[in-house]
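Heads up, the next two complexes both have chain A, just with different partners, chain B and then chain C.
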Partner chain A sequence: MPGSSYRIVEHPVISFKRGRRVVFYYNDRPVEAYIGETILAALYAAGYRVFSYSLDGKRPRGAFCMIGKCGSCLSIVDGVPNTRICIEPVREGVRVYRQEGLPTAPLSKNVVEPVEWEEAEADALIIGGGPAGLIAAKTLGELGLDVVVVDDQPRLGGQLVKQTHRFFGSREYWGGIRGYVIAEKLAREIMGMKNVRVILQGYAYGIYSDNRVGVAVRNPLKHVIVKPKMILAGTGACEKTLWFENNDLPGIMGAGGAQTLMNEYGVRPGDEALVIGSGNVGLIVTYQLLQAGVRVKGLAEIMDHIGGWFVHAAKIRRLGVEFYFKHTIIKAIGSDRVEKAVIAEMDENYQPIPGSEKVFDVDLVLLAVGLQPNYSLFSQAGAAMKYVPELGGLVPVRTWFMETSIPGLYVAGDSSGVEEATTAFIEGEIAALSIALRLGAGNRGVLIEKRRKLLDYLWKEYRQSPVVSRARMGKLKVTVSEEEMEKIRRGEA
Partner chain B sequence: MKKGLVIIGAGIIGVMTALNLVEKGYRDIVIVEKKYPGSGGSFRCATGIRASFTSLEHVELMKRSIQLWPLLSEKYNIPYARHGYVWLFTREEDLEMFRCIVDFHNKNGVPTRIVSPEEIAELVPTIKTDQLVGGVYDPLAGKASCFKALLNPLAYILRKGVKLVESTTVYKVLIESGRARGVLTDKGVIEADKVLVAAGYGSKKILRESIGVDLGLRNIPKHALITEGYQGVFKPLLIDWETSSYIVQVLHGGFLIGSSLPEEPDKPPRSRLKYPVKAVNVWIRYFPWLAYTNIMRYWTGYYVMTPDHHPLIGPLSTVENLYIATGFSGHGFMMSPAVGEVMANYILGEKPNVPLVEHLLPDRIIKGRLVKEIAVFG
Partner chain C sequence: MEDYKARGYITPEELAGKGLLPSIERLEKGPIAIAECPEEIPCNICKNVCPFNAIRMDRIYDIPRIDPDKCIGCGVCVPQCPGLAIFIVDLSKPGKALITLPYEFLPPPRKGLIVKLLDRTGRVIGEGRIVKVWSYDKTWAVTVEAPRDKYMEVRALWIPEK
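After this line comes the complex of A and B, so read on.
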């Protein structure tokens, strides 16, 4: 209910540094917020759950992705409809209204604000400031190259900012360190480099002839045309949903959406939760829900075994979370938010077995059912693409050095196929070293040796683990030699 | 496969022709499509519909189309609305030229009229008229959903037995003793008694390969964008004459903008990065609030131009049972109901329902008898 607070006061891992307290208005009622958080995070903390209605005005929509990808929180902010309040920072006194159905055009806006126009040259443009982009910016920046980093969010870090667990793997590749700590460290380093320019709330809307890139920037309004010699796009991924009755009820959220609320903004996403999917994301988010003080009433997994790392599963099982194998959600119940969720056991054809239904009284259902790469920029640029289910969807074909069929356009991280932050770091660095080599920066022999070591570790060690064999098979399907890529470019393959 | 008729191209022209044939009881049709239905110009178009042209051929064809649009809309559940067009003039000389054009329209049954900036403000809520000297209003004009206009009739004819072959490229029309006898595709031969080439710019290559005739088609790259959807603001399609730009709020709510940029014919567009800026700058002068809407999609397509900007419609005199419907010069969607009707007439050996379209026979290009038209926008 609006009025009760969902702010997390004590947390075992994170201490939330909240900014100055401000007041803004939601449907003309005052709401308390802290500078640095988004409008949706503040509303959620105050107990709001319905943030818009479907186009026909009938179905309530809640928070789902929390990173500006899904459109279920479109609201009217300062007279501007279709504003994604999950990525819109709060401001003192801003007036926000819930959007119900097709919005009215922003007719009250009668003065066009001037938009600054700039043409910027750079050795390399990095689109996306997540793990792949950050490590690439650091690598290229340290080699003295002029780098521009563009990110559509108000801060750097991508999804690292909500990863509160310690990463696996070798210490050399960030093993043992918490994701958000890595993000803070890398962001600080690249912000401190004179030859690296960071553009936040900048939307790279297209890659055009001669690899020129249009970037639309908010706050302040600006249109930047970047003319880079090389581009690395690490545009990440967005969460998938599932088909079941009432799957759009507020309270049904992507697992990453819940992580944003509780780990980034210190807002408890609900009181009692059901988690769907036991991949690493599902397991980790279950643990994080417990840390945030949410009671997790069950974890349903459609397969007959755990999808993620066993050590994560063991940890949450020790904390008393019940696992339901061969089960998935078939229905959510509630009027304007989830009140109950129903799971059922699946037969060998993945059809629900009648009579096996189990009903949970929950106000939160987290879907941890995989991610889909954000492929649109690569498709728009005209890169050769391939649909690879193991990688979450459509991804660009690339060389071992991460170059796509568009010469000078590189890919790394989840947009190259959904995997993990660790592999995003490694791919980002491989791409950056390849870009540096092409631009003639640094000591050639040293860079080549460094890249060879990374490739060896990635393919011969990290991806040899049976747990990531699916992703490995997927990546093998879209990774080609330089010669094969030349054939693709000439239209011969 | 042996068929009565092969239609090359599942665009709006091919589908409307097949629809008219099916409605007359002729169903032995296969439509061969290079990609998927509507993937050429049909799904990229501005969706505007008007009879206010400057040649009698166009006027007559479009008057018939405008009779048919509401009937099609009713029968196949196609969103269509007679919301009008408004031409906007910022220069006196343009307004003067249009006085003659309005006379021509009125004499030929198209009820356009000159309107003052005050009248424009009434027709177009929220428009800033300070730069305008006047305009022309065409109340007979309208718009329709390009998606439903193609997909709903297509679903209907497929239910009636018409075949659709997708992702199949036609290389040439097979001709034997001066008669069409089928097509050669990348997946083999399809035999048929009659062949209709309705493949847009692709028709050029097919006919060159088949009969060595060059139809003189040129593919002119065009740009369009659409915003997210909003509740209705203004109904008419607007044309800014000075910049050759248009804006229309389509029936599902988005603002669709087209604007002319210099591009080389028959080549991919080069000005893609310039386009959104140009399009937005033209229209925020009239609607400052438009600056606060989000662009949803931006795409390019082609106007398939003929030397006289009139379509090539009808049989070829040199090859029996070979029909052509292409070169609509940016107006194919609006003309498609009437073109579908006359093509069905031709294919069934009847006189065309709109007699003047006999001036638009493809032979005229080969013989150099051109028809004149200046009103091509965007």
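After this line comes the complex of A and C, so read on.
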């Protein structure tokens, strides 16, 4: 209920740095918040759970993705409708209204200010400041190139900012360091480079002829047209949902959405949770829920075994979290938030077995059922695309050096096919080195050798691990030689 | 599919089958690390942080092999393993087992505290006293005194809130 606080005061791993206390208004009621939080995080901390209604006004919608990708928190902020409050920073006195049905178009001049306009040139434009984009910006920045980094979030780091566990892999590629620490380190380095310009809350909405890219920037509103020589898009991925009765009830959230709330903003996403899906995301998030003081009543997995890495499963099992194999969620129950969740055992055809239902009293259901690459910019630009289930969906075809069929447009990280942060770092660096070579920056021999080493490590060591073989097979399906790519460009393949 | 993947926890028999357990003679000599890391995941952090070069991994996804002659059970790997999968077991003291575990929860552990001892399934199988704590980057390495016969079972601890 509004009034009670879900803010995490003490956490075993993270110390939350909250900014100045401010007050804003939600449906004309005052809400306390701290600078640095988003509007939705502050509302959630205060106990709000319903952030919009379906267009017919009948069905309440809660937080789902928390990273500005889904539409369940569209609100009216200072008169501007369809604002995603999960990525909109709080400001003193800002007036926020819940949207019910289609909002009124903002016709008043008080709402639509004249928008500043700017044209910017750059050697390289990096779209997305996650692991791939950050490492690429660092690599290109250190080579003295003029770089523009655009990210739609209020801070750099992508989804690294909510990863509190130490990364696996090799110490050379950020293994052994907690994700959010890596993000802080890289962001600080990049922000300190004079030749790297960072545009936050900037949405790269389209790639035009002459290699121009349109960027819509918020706070303050600005329209930037960037004309880079080369583009690297590392636009990441967004969470998938599942089909079941009442799957839109508030409290049913993407696993990553809960991570954003608890690990980035220090807001407990619920009191008692059920997690669906035992891939690494589901397993890691379950552990983090326990760290945030949420009781996890069970983890349902539709397969007959753990989907992710065993060590992550062992970590939560030894703390008493029950696994329900061959089970999935079939129904959620509640009026304006989830109160109960029902899982059932599946038969060989993945149909629920009658009588096998189990009911959980929970206020939080986390869906950890996979991610889908954010492909729209590549499709819009006309890049050759391929649907690869192993990679989560539609992804651009690329060369070994990460260039798509659009000359000068590179891809890296989850938008090249869902994998892990470790491989995103490596792909981002391979793409950056390839861009630098094309632009003639640095010592050619040194860069080629560096890239060869990265490619060897990625393909001949890291991806040889049997536990990542599915992703490896997926990536092989969309990685082609330079000659094959030329054929694709000429329309011959 | 391996049985431990269909369960979510591994048994001592499965660990022994993978060659991941030291001999009882070695355990009785003094502390040694046990890596409960049976899958070929691409990670070699333990190998790189070991000050005694006691962990062998030729490829990044090899299962870590701990050399019983080189490992002194110092525990440096315990809080640094990203999978929190390494434990130190010491059977050199009569009548008890000393077990060092990673711990990332509140309240913080303190020497002298009596804590609940949990097995790999989260079942409480006894109580034990904390005899040593230290931490690396927000992960505690906690050494507890456990009943000697539970040395292959105790793999987590829980500190009851006051």
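Going forward, the second predicted complex is superposed on the first by the 487 of 493 C-alpha atoms of A that agree within 3 Å, B and C clash if a C-alpha of one lies under 4 Å from a C-alpha of the other, contacts with A are read in each partner's own complex, and residues count from 1 in each chain.
By definition in this document, a contact is a pair of C-beta atoms (placed from the backbone, for glycine too) under 8 Å apart; a residue touches a chain by one contact, two chains touch by 3 or more.
A quick note: this is a predicted structure, and the numbers were derived from the prediction, not measured.
S.K.: In the superposed arrangement, which partner chain does A:Glu113 touch: chain B (first), chain C (second), both, or neither?
M.R.: A:Glu113 contacts chain B only, not chain C.
S.K.: Can A:Ala105 be said to touch chain B (first), chain C (second), both, or neither?
M.R.: first
S.K.: Of the partners chain B and chain C, which touch A:Gly175 in the superposed model: first, second, both, neither?
M.R.: Second partner only.
S.K.: I'd like to know which partner A:Ile87 touches here: chain B for first, chain C for second, both or neither.
M.R.: A:Ile87 contacts neither chain B nor chain C.
S.K.: Tell me which partner A:Tyr208 touches in the superposition: chain B (first), chain C (second), both or neither.
M.R.: Touch status of A:Tyr208: first partner only.
S.K.: Which partner does A:Val281 contact after superposing on A: first (chain B), second (chain C), both, neither?
M.R.: neither
S.K.: Under the stated touch criterion, which partner chain does A:Val467 make contact with: chain B (first), chain C (second), both, or neither?
M.R.: The answer is second: A:Val467 touches chain C but not chain B.
S.K.: When the two structures are laid over each other on chain A, which of chain B and chain C touches more residues of chain A?
M.R.: Of chain B and chain C, C contacts more residues of chain A.
S.K.: Which residues of chain A touch chain C once you look at their complex with the stated criterion?
M.R.: Its residues touching chain C are 10-13, 165-171, 175-176, 178, 278, 290-291, 304-306, 309-321, 323, 325, 422, 461-468.
S.K.: In their complex, what parts of chain B are in touch with chain A?
M.R.: Spelled out, the residues of chain B in touch with chain A are 126, 228-231, 233, 253, 270, 272-273, 276-277, 284, 288-295, 298.
S.K.: Going by the contact rule at the top, pick out the chain C residues touching chain A in the complex.
M.R.: 1, 4-10, 36-45, 48-49, 59-61, 80, 82-85, 104-106, 108, 118-123, 137-139, 155-156, 158
S.K.: Would you pull the chain A residues touching chain B in the complex into a rising list?
M.R.: The touching residues are 55, 79-82, 102-113, 205-206, 208-209, 212, 214, 223, 225.
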